[in-house]
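Look for chain A in each of the two complexes below; its partner is chain B in the first and chain C in the second.
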Partner chain A sequence: MTDRRERTGSRLLRLLTSLAWILLVVWVAVSVTFVLSRIVPADPARLAAGLDAGPEQVAEVRAEMGLDQPLAVQYGRYLGDLLTGDLGRSLQTRQPVIDDLLTALPASLELILASYLIYAVIGILAGIAWAYWPRGPHTLLLRFGAVIGVAVPVFWVGLVLQVVFAGKLQWFPVAGNFDYEGTGVPKVTGMGLVDTALTGQLPLIGEALRTLTLPVATLVVTHLAVTMTLMRSSLEEQLKRPYVRTARARGVKERRIVFVDALRNSLNPVVTMLGLQLGWSLGGVVIVEVIFSWPGFGRYAYQAFSAFDYNAIMAITLLSTVVFVTVNALVGMIYPMLDPRLKEAR
Partner chain B sequence: MTRAHTAAPGGDTRRSRAPRRPTWSQLWAGATVLAIAALLLVPGWLAPSDPYHLDVSQRFQPPTAAHLFGTDDAGRDIFSRVVHGARYSIGTSVVVVTAAALFGTVYGAAAAWFGGALDRVLMRVVDVFLAFPYLVFAMAISASLGRGLTSALIALVALWWPSYARMVRGQVLSLIKDYHVRAARTLGASGPQILRWHVLPHTYDQVLVRYTLDLGQALIALTGLSFLGLGAQPPTPEWGLLIADAKQYALTAWWAAVLPGCVVFLVTLNFMSLGDRLRRRGGPR
Partner chain C sequence: MSPILSVRGLTVCYPNADQPAVDDVGFDLAPGATIAVVGESGSGKSTVALALSRLLNPAVSIRADALTFEGHDLLGLPREALRRLRARRIAMIFQSPFGSWNPSRTIGAQLVDGLRAAGLWPERRQRLLELLKRVGIDDPERRLGDYPHRFSGGMLQRAMIAGALVTEPSLLIADEPTSALDATVQAEILEILDELRKEQNLALMLISHDLGVVARVAQHTLVLYRGRVVESGPTAALYRHAGHPYTQGLLAAVPRLEGPRKTPLPAMPQGTATIGGCVFASRCPRAEELCRTSAPPARRLNGTDVACHFAEDVRREPIWR
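The block that comes next holds the complex of A and B.
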């Protein structure tokens, strides 16, 4: 049928445009960071050559790194390397940046996935509960959580949790992720909880959980509020709509109205926000990883920014941009599933 | 005559009320605004001692009446440092949001006013900016410009203005179709005159709400950058830096990290509730 063919055609077109958009944003991001990395007051060649290098040695290193070339040549070479997957070497670790990132990412992924699952689920449930039972003593707690979540700096939450639960009460370790050394746990995924779960030994799983608790709690406290308040206000707004009144007048069960009809209509902004939060997560873990010495992407980024490790910095911005844009594009594809009107409109 | 329509729509229908006793929350809002203004303008009057004065014999003193927030590893009075740091932390956040709001407003208004291809190009730029993960970019920009409060400021402004541009553009687009703008045009007002007197004033309400809410968020972002060493540099008593320094001995001297953080929280909270209050006062139009 022509109708269907037209629809697949437009769907393909949409996919292509969003792909082109992703590429454009990534290219701009790469170019911006390239420019930024070259206007830096610190001289990367001097950093790489070491403190006691003479001017000749610095010049030698500079030529070796290709930093004596005109900017356009450097830019072209950088883009070319990028296309072949070469992100250059880190000045600090002297390893290829891609290897550094690959070793650091699992630890961050563990933090991100664990906290994301918790705050997404709790945020949605708490928001629904808040809209469904708008009065009562529990709203005090929810309001408190909402206020804390938007107004409190991440580093403060992390430090307070650390001081109280690791310092005073000593329930959790102060810093670091799951320590593989001497446990005999094979490093399969690099995520402590998953790897210990694979061995099936409860005390080890408990240990992995203990190391995860404080950083994850910090992320949950600071991310929960947005989802929760958005869910609440979105659902409350739907419950004021005429169709809800009509359904009530027709005698449809209240539960069905709230949890089936209104809930589905109210999910769109929540999904957007959850998408944004997932997209931002790589940047969001930096402070938490610094506080808890969690050896992941965030701490690597922190070290790269502090030492002006420019290859690493460019790789970090590149990776987080790719993640952010891709997640947003995926969220854009989820919309029509939630809201059939969008499907028709296109 | 060009000033004819500067009043908010519906402003003339508002009844003049007899002066009422302010509510407690209004008093609280007023008091916090005054307190913040005092912190910014006359920190010397509020701080009990010199924020840079080292006294090793007084190091790691827990909070007492003499040292309200205790002392740090160099024996400096933390309360005085927090008071003097307000200028750096709050002051810079105010500059960040003000610059972003001004630039974004002009940018968005220009895009909407000229429309057509220019509008499309300008808004695509905004889209690209909004498609960057701003936290990472703030860090990258700040690190590249050389670590310092100014770099952090520039980084945050560069990433903050697009949301204002988008908001103002949307408003201006709907406003320029309004009757009062058409009337002004018929009466021969020039483009800039119309924008200045008949369109932009109506966007100020929303911009102001956003501005106030953003002050708190900018404070959190700025102190975060400083906490990572990408903002203010020692010995500035900037709040994020203060907390970063105290992080090393947080387990033995908790007050040095926790109490300044409380201040960041309280200030942010007050900006947010102020913004909320403005939003509710504006009400749904």
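The block that comes next holds the complex of A and C.
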């Protein structure tokens, strides 16, 4: 009984420790971006006041924004606002940054989740098939896919898909996400596919799928290769281990050896990589969203950085950091499920 | 009694190797008998074992004039038949106790896999528990739920033996089963193996670099050097009248508690191909011109078959003591 209580206690302690780490990392990231945004030789007040503004007006705007205060005061105020959930106003949209982000995020999540599910599942399956049947004509195809995915840049894939499937064949729209206007679809989640699915109307769902296809395909093509090749090499490496030979010597069927014995051991690096990819996903969608004019977080970030919209930039950095460290912490919880030695070490 | 395993002219070539790893090896094994294959690392002894059970990579070429086990031609057997043979008739245990178990599955799950493959689950469950107890694993029922890292090397090897013998195979190939264990555990494991062999009328092929181990269990010994059988015969005769300089060298290298320190064998030279001559010539103090140009055929001398041009001289005046 005490044993169990102790274990629960230590689990809680571990959770708190990792939470503290996350907060520390986020704080460092926020502070570094804050300092960088203040030492960059660009003048947000000038930008905010507009090109026609005279020196007095700029000074007025600067005072209004608090930019005439000492750096320490600005920093303290920034952190204080952050704790109350106030991320400031965007210079471009004149809206609170938090509102901008909340509007942009669902569109990005839709892209990220759809592409991530597809390339994680297909990548793992293709990698397994590759290791299981290492010879044959299909390896040529897999090898080709792997090289394309690693060697060809995202923007190129996106542009080619646009030219071929939207331009020439006109199967899919060139750009933009699902257009709610005039369809009567209520904006529940902000993700076109989910919202149309909620209405249950097939033509609308088809339309949402059509807008999703090309940007998702671009992300899948460029991310699939890494998952696939890593899965393959990791499984192949496991299949060379002595315990596989033992299982073969016991007459265990090859399929069982691959799927029950070797697969679980080979998932470790794949999980690590998929975790990192999910962590980076917010940054990874920038190029795709810009190419496909997808009104999500990536395009918002691109515009914010281009215009030196410093409140937005800091919020973007904050969010990316939070997502990255949180995903990493979650991935860390998967390892013990794969390796019993880690489970006992806890 | 007709042999259970019959090997003639077994030759194994790894891809891109200039010399075969196993060259023209032949022997018979009677039911319930024990044969030892000895030699240093790289002599090809493990390759012989893996070739017999067809566990080598498919890219490795295996040729033989005959490779028969219980009337089956092991080289011509289709995959599924071969798998069934491994599941029921030929068992193997390997050198590295930790590497040979999957670290992320329980001992029980892995042993049950073997029984399932043999079609003997669950009716041999009780027998498995008995055998585990027999090889020295206390409270086997509970221990089956443990992962390999909870076991010691010796315990893993014991469990491996129990798993190998629970299907009642007729041949057990043990590839350096005790080399990774300390001396006291080694002796116990060998004893267990030998007892079970007698009980189950099991033919045992023991692969080892340690002549001390071999002397305890094997009636017959095959000495392998660079893939070739340099000397073979009843273990006792081999000990008393080793006719090949290499056999003598191996015997001299067995550590003893008393007496002067033994002369070690010189290290194996690298990459000296001995085309046409005796495989041991480049390392043999007794080698003459003849040894470098002509391969000595095996001939019977005082009970062992020895492949040395000067076996009589070597026997009279041993090279290593």
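As a convention for this text, the second predicted complex is superposed on the first by the 340 of 346 C-alpha atoms of A that agree within 3 Å, B and C clash if a C-alpha of one lies under 4 Å from a C-alpha of the other, contacts with A are read in each partner's own complex, and residues count from 1 in each chain.
Just so it is clear, a contact is a pair of C-beta atoms (placed from the backbone, for glycine too) under 8 Å apart; a residue touches a chain by one contact, two chains touch by 3 or more.
Bear in mind that the values here come from a model prediction, so they are computed numbers and not experimental data.
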| item | value |
| --- | --- |
| Superposition on chain A - do chain B and chain C clash or fit | fit |
| Which superposed partner A:V290 touches (first chain B, second chain C, both, neither) | first |
| Partner chain in contact with A:V150 - chain B first, chain C second, else both or neither | first |
| Contacts of A:G167 with chain B and chain C, given as first, second, both or neither | first |
| Inter-chain angle, chain B to chain C through the CA centre of chain A, in degrees rounded to a multiple of 10 | 70 |
| Contacts of A:T33 with chain B and chain C, given as first, second, both or neither | first |
| Touching partner for A:L338 - first (chain B), second (chain C), both, neither | second |
| Contacts of A:D261 with chain B and chain C, given as first, second, both or neither | second |
| Greater chain A contact set [chain C / chain B] | B |
| Which of chain B and chain C A:V325 touches, first, second, both or neither | first |
| Chain B versus chain C - smallest C-alpha distance in the overlay, whole Å | 10 |
| Contact set on chain C toward chain A in their complex | 53, 55, 83-88, 91-92, 94, 96, 99-105, 110, 113-114, 116-118, 147, 149, 160, 163-164 |
| Contacting residues of chain A [partner chain B, same complex] | 21, 24-25, 28-29, 32-33, 36-37, 39-42, 147, 150-156, 159-160, 162-163, 166-167, 174, 279-280, 282-284, 286-287, 290-291, 301-302, 305-306, 308, 313, 316-317, 320-321, 323-325, 328 |
| Interface residues, chain B side, partner chain A - complex | 128, 131-137, 139-146, 216, 220, 223-224, 227-230, 240, 243-244, 247, 250-251, 254, 257-258, 261-262, 264-265, 268-269, 272 |
| Residue ranges of chain A in contact with chain C within the complex | 241-243, 245-253, 256, 260-261, 264-265, 338-341, 344 |
